[in-house]
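The same subunit A turns up in both complexes below, where it pairs with subunit B and then with subunit C.
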Partner chain A sequence: MKKLNGRLIAAFSTLAAAALVAGSCNFMMPTPNYPVMRQEKGFHLLRIGSMDKVWFRGDLRIRAAVLDGASSRDAVYGNLGAYFVVEAKDAGFDGFLHLDETGLRLVNRNGLEYEAMSMAQGPDPGFWARLASTDEIVRIIDDGSGNAAQSSVVANLGSTMAGTVSALWMDWDQPPGSTPPDTYRAAFVDNADLAFRSDIVPVAGSALADFTALLARDAMADSFEELTAAGDPYWNDGRFEFRRFGFSSTAGYSWFAIRRFDGVSGREETRAAAILDAQPGVTRTVRGEPEGNAGGVLVIRQDSEPPGIRYALTDGQLQPSRTITVYGDDVRYLGDAIEPIDGVPTPVAVFGSVSVGPESKDDGRRVTISLWAHRLDSFAGGE
Partner chain B sequence: MSRRPACRNRARPAALACYLTVLCLGAAAQDRVSRVQSLDELAPRRVYVAADGAALAALSREEASALEALVHFVGLELEARTRLVLAFEEGAAELVVRIGAASQRGGYELSALALPRREGEAPLRYAARAPALGPDDARSFMRELAARLDRAYPPVPAMVTEIVTERVVEERKIVTIIEGAALSVIAPPGTVLSLPDGEEAAVDETGVWERELEQNTSYAYRARLAGHLAQNRVVFIAPGGAVDELRFRPLDRWRFGLDLRYINFVAVPQLEWYPVPGRLFVGGGVESSFLALVQSYDKNDDDAGVLVHYVDVQLGGGLWLREADDAWNYGLTLGLATRLDAGAGLFRLADYAPASLRLGARISRQLTPRLSAFAEGNGRLALILAPEGVDPTEIMNPMPFGMPLLDGLVYLELPTFFIGLRYGL
Partner chain C sequence: MMKRRAYALAVAAAACLLSACDTGIRSSSLVIERIVDPSATTATVHVALSDSPQFTGGYKPYSAAIALGGPAVPILRFDAIAWEPKDGAERARAFWLFVAQDANSTGVIDDFDDLLPAMRVMLVDGEETVVPLITFDPTGSAPSRLFQAVLFDDPPRSYRVFIEDPGVVGGLTPLYLRLGDTADLSIPGNVNYDIPIPSASLASGLSMLTGALNGMLWIDNNQSGALDAGDWISAQPNAAPVLVEFNDAVLWSGQTMP
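Take a look at the complex of A and B:
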């Protein structure tokens, strides 16, 4: 009996040792699945936030993202926040992701029918967005309980609209330390053309446009190079789609992201259009999708695929000064902010990079978002 | 290869033992002729078969003719079914068998009497009935007789008789003559022969190494020539001598092959160069997730793929611990690697393991003279290039099994096991 027990113990020990050795070996190839990818020289990591057990299929893409208005201007280290609207197949959530000093969390839409593409950085906590139902620009915040809340109505521009409005945006731009004449600008697209309204503070029902960019829409429509009615007919109705709008108060220009999309073939062409305040009759366009401006620099996402997203930095005349590459499963330019760099409050441009971990049957996937800052003074062709 | 050269085909006694001991009793300086007998290998008995004369006289003419014919069939039966061989003269036979027949009612009484000439052996008698004297009627008699004779008179050692002439130098001196044969090894000059009992010999510039060895023995030795595959040889030393001509196959200078790594079968092309053939190699390979036979195991959606691939450029070497001609060989490998990340808009040094030190242990099996297969366990000490502010232990998801060292500057990966093939050039 003792001999039998000894054999059993020896066999069990051998099995256990073999299991231990096998269990401590690496059988998986070390796929470079980085939660936070290293960025080019000049970038400073501001924040990382991760969230586990996120359920969706396929790739996760950032549809729109902005910086938190208040924290982007207070120059307090470590409190910068950002909001991300992401999209994926069969996503098990509806809302936005909020990254701040407490981490990354999901904030439910809570019935607020804001348009993601109209998200803009305001001066206060939260972000601006347009409510589709009322044409109001409202400030939306994370109420701290996992739900989005409407904090205030920033402007009701519906009453200022002339004719049938097909699109509406409002942006705020106040570079740190500057005292520009305009801190916000609203844009209207009606059946006639583009119109803008600028003022120090938004006032609902105030007088219509400072100027109208005559023939701007025709110029934009004629600028498309691939999806054209003549050369490469596409199937969609209409001329093109306005996706985003913004303006630079320091450089004095407005910019648009315009897009044509062939719903049958799935092809699309996105261009950046800019209109200088000093030349309202001239519309310039280049290929790429503008995601925002950093001071006077327009940040245009070029045709590129993750993980290396390439941006062109241009002036208001869309003349490129340099290109940079930001790495991630998806990347978005978020806006400018004041953040301490090497202990000194510094105007920076902030990018958000999202990374998705491997899929697990039981635990969903891990989503990590990191915020990266780049000095604004190096954006104009310096460093 | 062993063969018997014509020049050494001189007559030698084929003795069971190759020691011939001669007692010399003559006077000094006289030639002594002596007869020496020795036992050789087993030899069959020679048998002579004849009809018994008394039986022939008692039979009629026809019956006598039938009996004589039957005697011939008995001889054929013995030749076919026994170890006896027929002698055609009674004087040359060691065994005489006489066949008799007596008429009885309804048949014949067949009888056989075997008389051996060797002292101490008993005669054998056998009798049986047969309906007639024809070979078919007497078949059972013949077969049983053959079986009994084969058992009773098996082959015996042959006696060899030699006439040895020698000069007697001293009276009453015992001279022992060992009959030997020469082994000639034909090999390239410089070949080193490791002989039994730890002795070593070298083939000189004549290309022939010779040694006198005992006849009818096997001789084992190992032959080595620098830069060539060593050989273990076994040669049979025939009475006429033996020649073993060695042909060496050069050891591989270059080897190429493929490793198959990880659970998703990453094919890794490899090239190795042997500065010390058969022992030490240096080489390199490229491991990349681009070459994974199973591209991705962690994402199963239709439009989700690996965004970032890695390209591991590996340089290193290895040391084999056993001889190249051993079927199983063991070795150690050591190498450096640099890793690049590659993807859309991305080609740069990787964040994980941009430089790494690899250490492995390998076991190899020679499948053919040129092809070998091996398995290797390989661990790695990897440098980590984490972005500032990122915990190095979480730079990848998932991290390989292992442990961070030096505050996360490097990471010690626990081993991974893989298999591979190598083909020599």
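Take a look at the complex of A and C:
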């Protein structure tokens, strides 16, 4: 009897151990079995592309991604393209992934020193990005032979701002079917503070017409809630890092992704900051990382734990209208476009979702990217 | 017997569970007992800790300003430094200590400020790392005892330093970083920098931004204050290697100044 009791206890302990470990932390979290994950109601699958034998270790993350400028606006059925800069441990590639009607392919950087975090959707084929060496915003295209190429210079921002400029971005925003007051806006960060320049059409070699200086940096720095240790200000130039910039031409506001990264604990805090054109002296911030705007709606990533990435949709005052969840090993909001939904050209917000196949020592891994559209009218608090 | 096995399994299960849920946060302390300027200035220096040797960027919460010649002893103490191991079992990790002066008074550490090289320092979970001495000499005569008017566009250079007995490095027997623009750094006029690192806990790695072309390390074993016979050298000073981005220096009793 004693032996039996012992056996029972041993069996129970083993089972309990297995159950406890299985139930703890992320052990046995669901992992994707299909190349494309299903999405919530309201999403429409626009395109899927896959590549085999992609070599990297660990997780694949989207560092930056945008829609192709021309195909997002031409309302031609089925030609929408997108560009993804991805990162992973020991990745055997340097460039971006291009997804279009011919499939998914790797485009080599080809020596172009563009900054991924400055990627923006312009009106023409390709995407905009800043060249660190010249402060130029250039248009970059896939030349069709597996290499990136610089197609044109959109603007030389370095010549339009006095003083030492530490960050520059330029965005274009013309929602489908609209004629906003400004379609181009550039943001500058110098030693003094933050400024914008806006225009309808930029003239090569000239500054954008309208200039707005803002005293927003202190308000942004004071808004951090987790990484609030004062530290010695001499080491914290600017006190935080600007990561992304964009603006809504129709709703009249600019937005920034701002971030603090603690170089010792490895913790980071990212916030969305927005400044209304009508109230340039007021800076609002909320927790999360804005990835872009869909018309007047700001799309803010709130949760980065795959497979469900949660987004808050807000207005320019950062008041939330709703949240949505997009599924994938990683997800990125790409921009707005006109695409056929139920046969009718419809303004949509487009998300890119990455799924990664199992690791194989000899064959690399299979990477699948899918583009998902959500109607813009339902974004603004409808459906 | 079976009961014992059962208990062992239960303990193993608990351990397994704990390791699966280990939040992994470590805590350490760093104490700098003295920062001195041999030229007796009263400059204010700025000290910071980071996990990368990048002087700019990031957010450095463990940082402080110290007026040289002040009365506080220990001069500087960072307690409860919270850090996360890069792998689950790691109990110690290397960080980088920065010491600088806002020489151009812009309110931030930027171009044209004075810097010591970033110095690698190990933090151990639950323990205190002590740095007995840092020398910060912005006014000394040539060769320079720190990097003056640094440009942050200058190329990054770093040394991994291997010392036979790190304990030989101390206040009277510093490790020196010698840099110049020619291979022959045995001639005093060719030496642009001879920067002392007088604490063993800071002598395992150095990182800097500099346009200097050649470099070597040496330890003043005989406490003469100059590179002479018997000192440990990483290379013959008349044949200092060309600096590349990542450099290795080995200092041991088998390679001394003849």
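Quick notes
The rule is simple: the second predicted complex is superposed on the first by the 331 of 383 C-alpha atoms of A that agree within 3 Å, B and C clash if a C-alpha of one lies under 4 Å from a C-alpha of the other, contacts with A are read in each partner's own complex, and residues count from 1 in each chain.
The rule is short, and it goes like this: a contact is a pair of C-beta atoms (placed from the backbone, for glycine too) under 8 Å apart; a residue touches a chain by one contact, two chains touch by 3 or more.
Only a predicted model underlies this, so the values are computations on that prediction, with no experimental measurement involved.
Once the two complexes are overlaid on the shared chain, A:307 sits against subunit B while remaining clear of subunit C. In the superposed model, A:227 lies in contact with subunit C only, and not with subunit B. By the document's definition of touching, of the two partners only subunit C reaches A:266; subunit B does not. Of the two partner chains placed by the overlay, only subunit B lies in contact with A:366; subunit C stays clear of it. In the superposed model, A:343 makes contact with neither subunit B nor subunit C. Judged by the touch definition given at the top, the superposed model places A:57 against subunit B, while subunit C stays out of reach. Legend: residue contacts after superposition of the two complexes on their common chain; A:239 is shown touching subunit C, with no touch to subunit B.
The residues of subunit A shared by its contacts with subunit B and with subunit C are 24-25, 27. On the subunit C side of its complex with subunit A, the touching residues are 1-3, 5-6, 9-10, 12-13, 16-17, 20-21, 25, 46-52, 56-65, 81-84, 95, 98, 100, 102, 106-110. Taken together, the subunit A residues at the contact with subunit B in this complex read 24-39, 44-45, 48, 57-59, 89, 304-310, 325, 327, 329, 357-359, 366.
Contacts from subunit A toward subunit C in the complex involve residues 2-3, 5-7, 9-10, 12-14, 16-17, 20-21, 24-25, 27, 191, 227, 229-237, 239-241, 260-266. Residues of subunit B that touch subunit A in their complex: 261-264, 266, 289, 292, 296-304, 306-310, 341, 343-346, 350-353, 377, 385-390, 394-398, 400-402, 413-417.
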